[in-house]
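Reading through the structure tokens given below for one structure.
By letter and in written order, the chains are A, B, C, D, E and F; residue numbering begins at 1 in each of them.
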Amino acid sequence: MESQDVFHHFSPDGRPHMVDVSEKAVTTRVAVAEAHIRMSRATRDAIVHQAVGKGDVMKVAEIAGIMAAKRTSDLIPLCHPVPLHHVSVRMEEHAVEADEAVFRVRAEVRTAHQTGVEMEALTAASIAALTVYDMCKKADRGMTISNVRLVLKDGGASGRYERSDSGGSHGG
Amino acid sequence: MESQDVFHHFSPDGRPHMVDVSEKAVTTRVAVAEAHIRMSRATRDAIVHQAVGKGDVMKVAEIAGIMAAKRTSDLIPLCHPVPLHHVSVRMEEHAVEADEAVFRVRAEVRTAHQTGVEMEALTAASIAALTVYDMCKKADRGMTISNVRLVLKDGGASGRYERSDSGGSHGG
Amino acid sequence: MESQDVFHHFSPDGRPHMVDVSEKAVTTRVAVAEAHIRMSRATRDAIVHQAVGKGDVMKVAEIAGIMAAKRTSDLIPLCHPVPLHHVSVRMEEHAVEADEAVFRVRAEVRTAHQTGVEMEALTAASIAALTVYDMCKKADRGMTISNVRLVLKDGGASGRYERSDSGGSHGG
Amino acid sequence: MESQDVFHHFSPDGRPHMVDVSEKAVTTRVAVAEAHIRMSRATRDAIVHQAVGKGDVMKVAEIAGIMAAKRTSDLIPLCHPVPLHHVSVRMEEHAVEADEAVFRVRAEVRTAHQTGVEMEALTAASIAALTVYDMCKKADRGMTISNVRLVLKDGGASGRYERSDSGGSHGG
Amino acid sequence: MESQDVFHHFSPDGRPHMVDVSEKAVTTRVAVAEAHIRMSRATRDAIVHQAVGKGDVMKVAEIAGIMAAKRTSDLIPLCHPVPLHHVSVRMEEHAVEADEAVFRVRAEVRTAHQTGVEMEALTAASIAALTVYDMCKKADRGMTISNVRLVLKDGGASGRYERSDSGGSHGG
Amino acid sequence: MESQDVFHHFSPDGRPHMVDVSEKAVTTRVAVAEAHIRMSRATRDAIVHQAVGKGDVMKVAEIAGIMAAKRTSDLIPLCHPVPLHHVSVRMEEHAVEADEAVFRVRAEVRTAHQTGVEMEALTAASIAALTVYDMCKKADRGMTISNVRLVLKDGGASGRYERSDSGGSHGG
């Protein structure tokens, strides 16, 4: 792996820039990313069984994730603004143990553009997870977000990438 | 733990709302949060040793984190807008192994307000880490962000919280 | 009523400006605003009885309204940025007839500042109502938003204002 | 009318998402929306006859509406970001009576994209009307916004829609 | 002048951060900044004498400047978010010659906070001037903005600063 | 030069609007703009020679400029939102004298769209220069930004424009 492969955000003299994608083809692109949120069992129970209706915390988180996908280029300095064609964010139970539980957020983003939408999917998953933290933090400050990672991308010159295994290389 | 403790973002009839902090005291508040980014050794080497000057990826990430702290209430639906008094974001090497390496981002935020700044610190750490992903993703799509968590908070009625151990309860 | 009373947003020589509130007292302020959305009975039934769970359209609209309250000073040119202490947005059925139905959105905002929060409440109610339009527009383009109005304000030098009657003066 | 027609913003299992428009054709699209603002006659006179130059309140409102059109996808959670080709916002006198008067704001938006721009036009009209409220609220807190509605849309698979009558079905 | 005086935005080890103002007093603060726009005489004449009413370009620019003041901390990475108490932006003719003319934009901002509002005033003046460029660029691409500078600041520990002379030290 | 050439942002009856570009061709477009910052020699020395590493102030400014380019249509009222293909911002020493020095910021923006990107380049250069002011203002309040101007544009029906001379017509 050569440096210029890694640092495509830097111009030849080392200055940060938003890379020129003028010559890249407009193709359909999709990206799927996820994030895990580990919490106490009591917090999980409160999310799932609360009297006021199952799914509320999850709904707010999903909407926050969708809206965050649209703000990605405002947040990530060298990320191109992209007109998104589709965004969905799902929060689901992933594991429930005696003392702890894990929810998983999965975000999918589609566009037809010169650049991919990995950052939009990762940002959506991250902000959805942070929204869960915000809504439950009073009772459980130890909640931890992990496994923020790209699950799949397709489209564009670099082709398809699919994470071989959820616990795979560089996995947290 | 009772439900109303967890779901302070919901009103008695279960509707989401931004909780009323009118009666809370304006006190000095601080929060420290962190995030880890696991990557291939080659990517770490490129970040650290690149010819164009050490620290560039880290600098962009740190600035992105600082700016994101200021956007927190735009991103997290039920988070109060807060006039921040101080924000710093540091990215440092945390572990270097033969094949992989981990950087740690640590964000510290201060204010004097009726609400805490945990979400600002967590958002800053997350966006800084996502910025690293963005800048290196062409070479290493398997990078994973984990341990997004609150390290410390102080000030306000709920007092001081300090995570006992980096690998502690609910840790990812 | 003299012109300078009306046009407090204009300086003596007629230039628009954000009025100086330096001399005003920091007091607790509250504002309540509402908006009505008239739609076909079929659209109302779909919102209320849908298989996927009652309240989804309403939940998205309520969250959109809360988030919009925080963006008010970005949208209304001469509106002061205000640190909000509380925002709630509720959407409820107001009238159901054979062919048509009306939902009402009610937004409440609180702060302690030199200026009131009427615009935040009105913006929250408007954007929540527009969100309902967005989510149902494919089936019912004739939906209409009306009665966007201030219901109550209190706090500050101008004291309490309460709309005498929902169908009252200047009512739409 | 079936539920899936109404709730195209929900996926088959009831989760909110930004609908996938990848397969839709890029066509020229236009939307026209309006909003009415009812106020006291004195407020209307102050707007129209003020010494500092007719049209100032109206100019600020028109500019606010144009800028709001560009922020629509930041405000409406499931609305696609769209590169706009044209936006105009006009505020005009609609009716003048002894005690009251009504101004009408009309917003027109054009694009060439996979989605329509109804929400952009409606948001522009709403924010322009709210800007009038903001600038005159000190003297006339009873001002009311109504008839926020789509007047016309054209382009795209669903074809042309034109409101048959300004006081027509679902009219407020 | 020592380095730590200049680089108060850098922490002792050289990392950028938003400086901690927790210990600074909340005092009334004001800042006045200006910008000049040089253009062809024909462009100036079109701005001043246009049939549609004098002042339109100037009005749009003034409003843009006011709104930009509120976005300052979103744009300047290490700038604190500040609740503004007053903003005014004026655009006036400064010099008219046979071939060229100069307009001057002057922005005034007030707050009561731990930090000053110099950046808000400078940003308001700059964006107002850029708005003039945008509105007239089709006919006069050679327009130039200069003398973007602080005219006055007062309040805070560093006291009063007043530029001695418009053509003074470091003047452009 | 006729008025309608200058005021293409106004409709025939003098109302501000975002001009309709539906009929314009999508072509590759580039714009280069610059800004100069004059400061004391001591400030320049501190920027260039500081112990914590040359280039830090410049790096923060460059990133701020890149991010500002993406916010241009939020700031300039009648500017079209444009999906940018490339942005780079460079800050370099331009002149060093005994008592004063000048840095030059140069911003380059590319897209393929119906409108040009002059405003994006000018906004990037301006905000980068303001960021330098912000970071050094404590020591040198007299810093002045000048020569904010378009250096080059190409693409689109109006063809190529290149400023003949850096000190040329209308130069500041």
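Operating definition for what follows: a contact is a pair of C-beta atoms (placed from the backbone, for glycine too) under 8 Å apart; a residue touches a chain by one contact, two chains touch by 3 or more.
Source: prediction; values computed, not measured.
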So which chains are sitting against chain E and chain F at once?
B, D
Contact counts by the stated rule: is the higher one at D-F or A-B?
A-B
Farthest chain from chain D, comparing Cα centres?
B
Over half of the contact pairs shared by residue number: find the pair among E-F, C-E or A-B that meets that against A-D.
C-E
Chain centres from averaged Cα atoms put chain B and chain C apart, in whole Å, by 33
Multi-partner residues of chain C (at least 2 other chains)
16, 53, 56, 59-60, 63-64, 67, 71, 74, 77-78, 83
Would you identify the shape of the chain contact graph, picking one of line, ring, star, complete or other?
other
Quick one: which chain pairs are touching?
A-B, A-C, A-D, A-F, B-C, B-E, B-F, C-D, C-E, D-E, D-F, E-F
Touching chain C in the complex, chain B uses residues 11, 15-22, 73-74, 77-78, 80-83, 113-114
Residue numbers of chain A touching chain B in their complex, please.
1, 3, 5-10, 13-14, 16, 36, 38-40, 42-43, 46-47, 50-53, 56-57, 60, 63-64, 67-68, 71, 74-79, 100, 118-119, 122-123, 126-127, 129-131, 133-150, 153, 158, 161, 163, 168-172
Listed in rising order, chain E residues that touch chain C in their complex are 28, 59, 62-63, 66-67, 69-71, 83-90, 110, 112
Parts of chain B lying in touch with chain F, wherever the complex brings them together:
53, 55-56, 59-60, 63-64, 67
